[in-house]
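One structure below.
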């Protein structure tokens, strides 16, 4: 069979329905809120998710068993991109970070019992969750092996101690998936285990919201302390000491779905800029007729097309069961920088209006900047990409 | 006399004193406020300006007659750069936009009486001012000749009608310098006049603060309405119909002093990043020993050096009484983009910490982005630069 | 059917065989000649093409009827890329410009008789051809409608008068496909016709080889004069006045196959650089362990992956019978610049050795630079891309 | 004294005279030769240098004692830039690499006797010279301390053994200044000595011309072998084991004068492009009226201005007797890349004509590319720049 780049009709139809839903229902909400989600308060989330359920576009990525459409990575690409057209679209479809990645991982490695208790309510939108891996320096960050949070055997289970930060969505989450070291020392490449920790565990506390340039993710980016946090044996997710392996299971797809969502924002930015350029006159011409503006519009188009093509390549490899380590790193690095360029150019096209709160571009700029850092800074990915290239050469 | 690139010792000494003042007194304040100035409230301004007076670094650019040090453009360069090291430094020294440019222009073209009434209290820090030129599309923006606000002869003076926006510092200003069309039609390259309008004029109203990506400028960016705003003949600044010429008098130096101030922020960003890189360890190395980090540090150094050198060239031309049209456009275009790159790289070096509110880099990023648009978008400057090059070729 | 990015096994097998052939047989030849083909002399072409025939990799793109493998655009992608790994690979496989594009067009629009007379000997490698469209300024170039060469009805056929330049492969070609204006005036968007002109026609003369930065294309880039060049009615290719439409038929695929071939060179450049980086030591480290070198290797990898993905997207659209105007322009613009960056970085990695003739990188640099201009400069494509985006917006 | 950016009138006058000489006498010659100097043959050099003597613009940088104008670094800047407007200008004025740097160094450290024997005939143009430092990998290159050529005490002097390459101007040089290790091992940061070796020394042989992308430097880039090359004690330049220090004396100014000369080429490229843009029409507009072309022209102007300003800063520091290590590295890194961008954009503006040999741009492109590698690759300079920044921070 030769290469086929057309999506399954059912996927295309779902993407189309998602686009209509997001533009009709979610974008107006986004404008009203200026793209910023409140720290507390679950009202908007509940309302938008109900609307998504009604529109038949809810949780497209989980299996029908949990109420979803069971899309593989290739199928997610166009649907998530349409959802990402609004900062609130992923929230509405229940495919926002970190919940989306957590569902993906729980479906892959949780026990049947854990699935009932943690995956089902997450998939249905009953609760939110968080993924507690990153630590303040010198702990786990770009280099996960620096992990310092420790879990030690305790009567009836484990006791976790450590500090985490940049834990997205922690405030309001029903539980955390916490990565802790069960053997070895910081710097060792193994020895981590994942634990499911309920929010009401008295040993787990959110100590503050870390203020960040981006402000649209529900539940913020929190700093958390695990202080004598005791959990049962059933809290272990997967096997002991295999946490880093599972993190890889989560990270490849998670960084790829990030690309899909941010592509939606890039397209939205381009649409705003093109509408402005087609309308606004300067020095006797429409902006859209000026060469420097055309160059920016064309570069946006090229960046979007290339990001989408690289993301699709990564999806396909993941769907084939391949590791996708190189292709997801390539897609993430390029897309994070391309989306940033697209939003930056779009804002520039709009001039003063672009930096104003009257349109959403300055909000988009703030939201996409961290994408070049979250899920691995571009530099870390480049380092890893180059190492794989050289290793391939050395055979 | 051969070329001499050493500053006058008195200038160097003032720059040194400014640096000490800003780092000792202003930077702590900036951290406390996260770099954001309140909309209302003059308490911090009054306090910082008194401290600057006490430190002998207040209004370095105006003549001694008005309490300043009478620095020419070359002398301003190092002093303003040191002041710009903090977002609040220019405010403290009373050299922030738009007041600094207004003092410069008033000193150049106001009558003796106008100087006493408008310049003196501005120079002493008793009041603030604003410059009301930019209009919402399709009015005056990148193309000043689109000016639509009109002033017509009225009994005893003039009546001004029109709408302005992005009027920096308007909220709390004691007066506005308003540009209005006194002859011709939008699109004509002449026919504008500047008027001094007191804040208590009932015909001039601030209708809203325009929310913007940047948030550090005192008095915000406001939208204003002039509705049957009557002023006397004495309100005319300079001659009738010469407003565009005066705007040029203001704009060349104003965009150059912007470069100086933003250079300070770029250096501050680099200092934060270098301190982090020298301290933080990753994968067994200090960040500062990793090649990709070194490349960013070096590029920052190069960008800062080139911006400073181009700014100095522009200063020198302006001090020679030359128009500086080309050199100030070159300096502004390069510096606006270079400062942006420096802050962006510095933030990237700091990783997650960089996008957090724990350090000032994400604030700096927000503040410097509009510099590529304010005072003429890079595209407009490039267009003007190229036209001059071609005209020079055609002889 | 969901998206499938795996090539047909027969295509993969042919690509693999092509890779072996090119590396085993063609690359040594390329090294011997320093990548430069002689102006005259057909000996190497005949020899390499015979080797390709023997290896079963000859003319993969034409139908079996003419001795080829009948690959569609998607199938050509990996095979042409492998061929392009050497500057002489496309020549060996008989898929070099302009012959490859001419075969494509003749197969699409020539009469049965014309196919026998012109396509068959071209496909078998018996002869070479050229495509005479571009004219010196102010004639047809980036703007084809500027076409000035004229064809007028003459007894028994047509008489062509005009001047062409940058006619690739003209020296030694058995015939030219000449674009001439049969109605309208320069600037009109219609009125062009294509003519098949035999090399021995006394009215067609090659007046010089235009020296160019690139030197690897057989038959050079020539300036030609048509002076009272009389051809019969049978020389008309397709219909009168439809030449611009046919040019589009040729250009979309032609610019896409260019991308495939140049991708091969980019990979070759990267391979040379990686081998050097893995081997060479500097300041106590292998080059490949230095961050700035790793960044260049990673950026090469990303540029190659994105170029390939965009090219494949264009192929797929063309294979679906869609115009591919936007996708081929996007692929060509990105790939031309990406390949240039890859070769430039690879050369930089190799340092002084890179600019020397001891390895092929400086040759590659010279060969790929014009790709940003040939087949439409990047600026013309960006202009066209932006216009389509704006038109799409305006509905 | 405040900063003064006006050149001494005598310098300005000499620069003006140089400009007239180069455009009137040298540029026509450059066109005739296509910018390529013959390997052998001294006829053109002798002729152009005589013309420069007649025009009073010969050897502007050496002291009047040796026939020059005694210009300091600041004075050289505008004169060398005007000379550099043509690839042959530096040759004509006898300020081409490596002779110019050798004169500079000989004037600084040679004995009176050595000056008479080596500097005087070099300054008068009677002979040419070369500087034999660079070695093939793994010898001295980006990292001079890798020096492997050895000099050992021998009866009556020293015996030198080793291999050098990329020795510019070696073919036809009357003598070489050879850097050899007199103590320590490759990797040690000291232990090098400079020797003056006459061309007729039977122990010094040119084994080949290294073919390079650039082809305009007289005497080419040669590979040389020192095989039992015996020299007297008088051949030692400066003190034994101080060679690396002297190399620094030479390198700072040498890389700065490179910037001056290449700036001339950048201006020439821009002039060619602007003339073309002002003349050529496309799609009904002059090229110079199209925004994307204007952006390129403006970026050229900015790059040229920034390069010149950074170069001047470096000159000034060197003239103050400061090391200039950071400022010359910054100027060289920026200028090498800026000049490359300028030539690349200029060529792009000219389209097909730009890659043709009909104008000089493709020649310029070839000549300037190695500038990003010669005298230290950009990466090495960035590494050194960053290290100095970090060291400054650490105090």
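For reference, chains read A, B, C and D in written order, and residue numbers begin at 1 within each chain.
The definition used in the following text is that a residue touches a chain if its C-beta (ideal position, glycine included) is under 8 Å from a C-beta of that chain, and two chains touch if they have at least 3 such contacts.
Bear in mind the structure is a predicted one, so any value in this text is a computation, not a measurement.
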> Does the chain B and chain C pair touch with the same residues on each side or with different residues, judged by whether over half of the numbers are shared?
Replying inline: same
> Is the C-beta contact count larger for B-D or for A-D?
Replying inline: B-D
>> Could you work out how far the Cα centre of chain B sits from that of chain D, in whole Å?
In response: 41
> What whole-number Å value describes the gap between the mean CA coordinates of chain A and chain D?
Replying inline: 52
> Tell me, which residues of chain B touch at least two other chains?
Replying inline: 290-295, 379, 382-383
> Tell me, which parts of chain C touch chain B in their complex?
Replying inline: 290-295
> Hey, which residues of chain D end up touching chain B in the complex?
Replying inline: 1-8, 11, 72, 74-75, 270-271, 274-275, 277-278, 288, 291, 293-295, 297-302, 305-306, 309-310, 312-313, 315-316, 319-320, 326-327, 330, 333-334, 379, 381-383, 385-387, 389-390, 393-394
> Touching chain D in the complex: which residues of chain C?
Replying inline: 34, 134, 137-138, 141-143, 165-166, 187, 210-214, 221, 280-284, 290, 292-293, 347-348, 351-358, 362, 365-366, 369-370, 372-374, 377-379, 382-383
